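These notes open a run of structures that come right after.
Two complexes are shown next, each including chain A; its partner changes from chain B in the first to chain C in the second.
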Partner chain A sequence: MSGLELHPALPLLVGGLLLAVVPLSVRRVGIVLLPVLGFANLLQLEHGEVMAQLLGYELAVLRVDKLSLLFGYLFHLAALLAAIYSLHVKDAVQHVSGLAYAGSAVGAVFAGDLLVLFFFWELLALTSVFQVWARRDRASTSAGTRYLIVHVASGLLLLGGVAQRLQSGESLRFDALSVETPGSWLILAAFGIKCAFPFVHTWLVDAYPAATPTGTVFLASFTTKTAVYALARGFAGLELLIWIGTAMAMFPIFYAVIENDLRRVLGYSMINQIGFMVVGVGLGEGLGVNGAVAHAFNDVIFKGLLFMSMGAVLLRTGRINGSELGGLYKSMPWTAGFCMVGAASISAFPFFSGFVSKSIIMYEAAHRGEVWVWLALLFASAGVFHHAGIKIPFFAFYAHDSGLRPPEAPLNMRVAMGISAVLCILIGCLPGVLYDLLPYSMTYEPYDVTHFLTQLQVLFFSALAFTVLMLSKVYPPELPSVNLDVDWFVRRAIPRTAATVGRPVVLVSSAVGSWVAGIPRAILTLAGWLHSPKGRLGDPWPTGITAFWAALLLFVVLVYSYWFA
Partner chain B sequence: MSEHLPALQVVVPLLAAPVCFALRNAAFARAVCLAATWSSLAIAWTLLRQVLQSGPISYALGGWPAPLGIEYRVTVVGAFLLVVVSAVASIVLLYDRGSEQQRLPASRHYLYYATFLLCLAGLLGIPITGDLFNIFVFVEISSLATYALIALGRSRRALLAAYSYLIVGTIGATFFLIGIGMLYQMTGTLNIEDLRQRLPDVLDTRTVLIGFSFLVVGTAIKLAVFPLHQWLPNAYSYAPAKVSAFLAGTATKVSYYVMLRLIFSIFGVGFVFATHRFDLVLMPLSLAAMLVGAIAACYQDDLRRLLAYSSISQVGYMTLAICLANVQGLAGGIVHTMNHGFTKSALFLVIATFVQRTGSSSVGSVAGLGRVMPLQGIAFLVGGLSLIGVPGTAGFVSKWLLVLGALEKGQVWVAVAMLLSSLLAVVYVWRVVEKLYFGEPVASASSEDGESEAPGPSGSALWRATPTALLIGLVILLGIWTEPSAEVALAAASELLGVAR
Partner chain C sequence: MVSGEKSSSEKRHIWDNPKNVQRLLVVFFICCALLLLADLFVHRHPAFEHEELNLEQAFGFHGIYGFVACVILVLLAKQLRKLVMRSEDYYDGEPKP
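Moving on to the complex of A and B:
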């Protein structure tokens, strides 16, 4: 590395900001061109590092290796797809912040240093929140604010961890971090928040459905994947992650099936998919991390595709609740078709992209003898098929005909979805292309008999259950409330255990959630009572009281220091 | 000429005040005032560079040597404060003429400038003098001028605020004077250097202990240490806009300097922290100030009061630095005088501009103004980020040093409290930013009034924007280029603690 390379984050960050001052027509060319230029810049980077002096520290502002390059390619690809998808948007804020957001994510994955990582980590939060705010209504403003607070808090935890490491004389380099020191735990917590670990996942299902139709596509691509990258870099092989990941793969299923807002369903299914990746990271170097990284790559594309199709539905109908949609395939056949490809990919149908990456993680879990983890992931796979593979396309495009006949999605959206769909199938059929980019070399063949049959069995029996229910009219299609349908549907179709386990899981965690939320509420009430302009501490005191305090403090200092004399 | 710079630092504004008074013309007085403040800044900058190059400068006033006469002693920390005070004064004074003296008829505006200069002379005298009694005199000069300036505020309540500040401030000054008397009785000197040398012999006497308590509590009142802070919100929110901006950037900072001198130069770390564990009193008060101030700021409906409570929270950071008593932490406190001074002055100026437009200083009144006045909106945003301590702004540098200082002492919970206070700052800054950018503009009569008021004297928009832009520029510059702030503060902290860097 000569040190003269253009930092890969700059084309998107600086170029994106420059787009703020150009007219709409130029901006539309720019948002598509910049990711392409950035990608070209990536291609000529060599492995190595670039150091810079800043604030008296020697910082690795750019570190290029296989892992960071893979995410670099991915983020540029995602930025390009999201840019094409949002070409029809006129709002400069969304275009500019979208590209700057992608640029921050690129900067984060190329950071060789924890301080540099922190910088881009915070930038990621600040640039992304505009995708939520851009909807410009009350609900999204407050959802965006909550999102921002959570992510700034994540950044502060990261900074705290960095400071602790610095103080105890540890290196600031961002390599594998040992979990012996408190600093590393703080950093893990920061990563965990961005990665939507259980109990800190709510920002995701809160903010993503509140964003603009195009904004959700941006959001779904970068934040959590940056966190998965950070985990893979810093905490690969940490056993705790296997259990966290398993929990993440399981619990959202229950929420996803009873949820009516289809974009929120996708949000839950996103946590579920990240769960697979976290398990992969926890399984450690080699196949585990490879599987996690490959799955992150595929997830950005197929989850992006699903969010795109739901965004198109929202744009054309103004509705996103499953109960208010249905029968749209008649007037939006392309969108419906692309959505099916995304659904097949996320359900890991053979010859679709999800299959070739998820099976690596499953294989490695089984190979390591983690039987329970393997079974849990198998259960999670069946769950994914139900809530993402069937529920999303079924309720949006088929099911009970809502009578809506919206026009087909705009051309630019169809192009973006088309490219994503082609990529899903391409990677599914030719996994070698993706495998070559993975950080660890491996000899893994996804299409062997065991994987194939296991996955087909899972899918067949799930589909069979669904079909039997439909044909036997046990599944009542004319029931007006979809939420109830699904609720009922879960209890029959997913094995009986899910019915007994699922409800309590939702109930218990809601109870814990409201209890936890009750503490801050009580504190807030107390603080408000004390500090508001009418309260004791928020209102200037009469002079006499200040004089009294002065005398009291004098007394305290006197007595106190006399005591110590 | 250059060897008389320490004297000129005080004499220039002090003599310019009667000149303003004699001129009896607002325009001339303003010109004199500007010339005096900017030359003070030049002198302060020169002094700082001299001190950094060749160590402390001692200057015998009137040629009388130290024990008999008054010694001016320029130290690194003192020169740093001189730069902060004169820079804030110079920049704030540039602010639009139309904004000030709402209660004064135009024919008497020169009095305002004379008072401003007297206040500045007092504030500049404190960091430069090497004599404890002289510090008291300068504190009184600046305080009396401050009371008068605050009373000039537009609202009638300004009078009451000034009056109650006068009472509280006088209590503080009295405590301070009693303390000085006790020290003088025990040592027979008022010179700080002499005190430092003679005090160790009598440190274990009760008189010194009582003197210490009086001095520290007296200073704490002027510094607005929790729970002696309640004069500050009213004083800052009812004073004229420029005066708030000026005081917010200087007054508590100079008191902070006095506290540093008392603890580190006169009594010494050994007496204050090792023998008497004063940190166990000051630390809880600092933490309480950080949190109570920030929480109270979250609940305020008035913008200026919100900033005032935020100042109380920031004073908590600075006193916290004293308790840490190590180089990094103390440097964090010292550099915070500059970083927070510039930030808070800029924010008060922005609020003044908003108030001028809308005629109200409630949080709700700025709704949608970020789109109407984009530059002022961005200025508030940057200033707010600096209050929070976001990297790239000045506020980050001081908090970073403080956190490092806390961790060096192994006090992780202090760092956690700072984090919490920063999160609270996010809340109160956000409340305003949300209104600025997402609120619907209030299309009521008040905004129309504001617009009819807004076109003041020609070019006034420029004079409202320039000082704000300068201060905000400094906030960003000092967030990135830390040599003139953090490096000097580290040198100042080493000097105070008597350790080699």
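Moving on to the complex of A and C:
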């Protein structure tokens, strides 16, 4: 390192915060320029580490290698796209917190040890929640608060793991962590929450649809991908992850089919895609981790693009439920077209980005002889096309005509979607550009006849199933509704149970409380009675007796001072 | 942003014409048939090198699997609705977190 370059988190983090005090016109230049400057700074970095002394510990505040650089590039690209997408926004809170959030993610992936990681991990939670709160209504306020509680808890688990490792004399370095110690399990749990593992996934489908149209684009890019990075760094090859990832790829697609809020559909679909990445990490070093991080890279772009198209629909119509939309291709043709590029990419159509990364994971699962995992992932692939590839564009832009004729998305949104769409196709056609950035060298060729043909067969016959089910009216209609997920326990069952079980407790404690509170009242009543004209102390006292009592009191004070003071 | 409403003098868009929808469906069905038939002429190399899953080499495996997967997905999801679907205002008036 030449020493001239900045820590890569600083341009976005500090620069972003400085934007809070400048006028809107300057801020708009700043949010686009800072990711570009940050990227230029990134290109100056050489592989290696920078250490710093803090609180008596030698901390690796910066570790640069292929894995961290890949995510560094990705997060700057995502920050730039989200910044362009949110140029029309006037709200300083969203711009400032958006860039600071991106900077926190960059800091986390360049952290060389766990204490530095913890710092940026918590900063991610604190900076990102404003993308939800910025909507400034009751629902987003409470969804944001729930989101924040979950992510702060994830940070505390990480801190607990760090403390446990310190106590047992283990290193604080953030390299592969063995799962032999309780500290590592705590750290895995912390990563799992941010990665939306099953049963701790509801923060994602709760908060992302509650955020502002532009906020969801920021949110979709950084938090879960930082967690995928952390898993790849700390727990590559952990077999448990193969099974967790398979479950993540499978269960959300059922929810996605029946969900009405199209941004929540994308939230479930996001968990499904992260499932593929977690399987990749579980398959271990080499092709497994390569597939996971390549898919994370592509997912940020195509999922960002899908969230952008739905954000544009929400901005222009004020609606996002499938049951209230339809026919928008007539007045928003560009947004519809970009959405379909994102849909083709997430569905892994040949020549679109998803194809060249998801296939690595599938290939490696088969190579390892994981039959059930492979079959489940193939099922999930068909399901992705079904709910994200077809359902999202179909119910928003086609289906029955809702009669809405909103204007096309603002120019800045179309530019951001256009760049994302070009990137999806570019990476799909020239995968070598992405493959060169991957942490492990590999000889993998995504385009061969077998893979090309089988993938098209899976996709076309999934579409055929959709067509047949639609024409025969078996397909479940979009209905205005809420679907219960495991957060029901926290949001409904526990508060209700607590209220029921707590009732006797409240009654008893209030009875005890009123009895206890009665004691001072009784003393006061007694004192009042004693001092009343008829009371014992209400009598006129002779001076001598008063002097005696006063002297006795002084004596007691004197003796007390002598012995004890 | 107030969304526009459709006006009566609007031009007819491409999918307003049922004939265009019919044409698209016909082209789509032909594509599906050709993809299935391609299995007869293309030698696919196996994904599983040690023959853990011989079924994948069967004629039309990927197409049939994709079709069946999606039908199962939708039918199960419809059952899931019975279990988890509630009215839109279900969580309204929830206590503060």
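The criterion applied here is as follows: the second predicted complex is superposed on the first by the 463 of 565 C-alpha atoms of A that agree within 3 Å, B and C clash if a C-alpha of one lies under 4 Å from a C-alpha of the other, contacts with A are read in each partner's own complex, and residues count from 1 in each chain.
As a working rule, contacts are C-beta pairs under 8 Å (C-beta built on N, C-alpha and C of every residue); 3 or more make two chains touch, one makes a residue touch a chain.
In this text the structure is predicted, and so the values were computed from the model without any measurement.
Peer 1: Of the partners chain B and chain C, which touch A:Val556 in the superposed model: first, second, both, neither?
Peer 2: A:Val556 sits against chain B, while chain C stays out of touch.
Peer 1: First (chain B), second (chain C), both or neither: which does A:Leu464 touch?
Peer 2: In the superposition, A:Leu464 touches chain C alone.
Peer 1: Counting only touches as set out at the top, which of chain B and chain C does A:Ile149 meet: first, second, both, neither?
Peer 2: both
Peer 1: By residue count, which of the two partners contacts chain A more extensively, chain B or chain C?
Peer 2: Here the partner covering more residues of chain A is C.
Peer 1: Does the superposition put A:Ser178 against chain B (first), chain C (second), both, or neither?
Peer 2: A:Ser178: touches no partner chain.
Peer 1: Just chain B (first), just chain C (second), both, or neither: which does A:Gln167 touch?
Peer 2: In the superposition, A:Gln167 touches chain B alone.
Peer 1: Tell me which partner A:Ser441 touches in the superposition: chain B (first), chain C (second), both or neither.
Peer 2: neither
Peer 1: Have a look at where A:Asp401 lands relative to chain B and chain C in the superposition and call it first, second, both or neither.
Peer 2: In the superposition, A:Asp401 touches chain C alone.
Peer 1: Overlap the chain B and chain C contact sets on chain A and report the shared residues.
Peer 2: 145, 149
Peer 1: Residues of chain A touching chain B in their complex?
Peer 2: It is residues 55, 118-119, 122, 133, 136, 141, 145, 149, 152-153, 156, 160, 163-164, 166-167, 182, 527-528, 530-533, 535, 537-538, 540-543, 545-547, 549-550, 553-554, 556-558, 560-562, 564-565 of chain A that touch chain B.
Peer 1: Contact residues on chain B for chain A in the complex?
Peer 2: It comes out as residues 164, 167-168, 171-172, 175, 204, 206, 209-210, 212-214, 216-217, 220-221, 227-228, 230-231, 233-234, 275-278, 280-281, 292, 295-296, 298-302, 305, 309, 390-391, 400, 403-404, 407-408, 412, 415-416, 419, 422-423, 426, 430, 434, 438, 482.
Peer 1: Please output the residues of chain A touching chain C within their complex, sorted ascending.
Peer 2: 142, 145-146, 149, 253-255, 257-258, 315-318, 329-331, 362-363, 366-367, 369, 371, 374-375, 378-379, 382-383, 386, 398, 401, 403-407, 448-450, 453-467, 469, 474-476, 479-485, 491-492, 495
Peer 1: Under the stated contact criterion, what part of chain C meets chain A in this complex?
Peer 2: 1, 3-7, 10, 13, 15, 25, 28-29, 31-32, 35-36, 38-39, 42, 44-45, 47-50, 52-53, 60, 62-71, 73-78, 80-81, 83-91, 94-97
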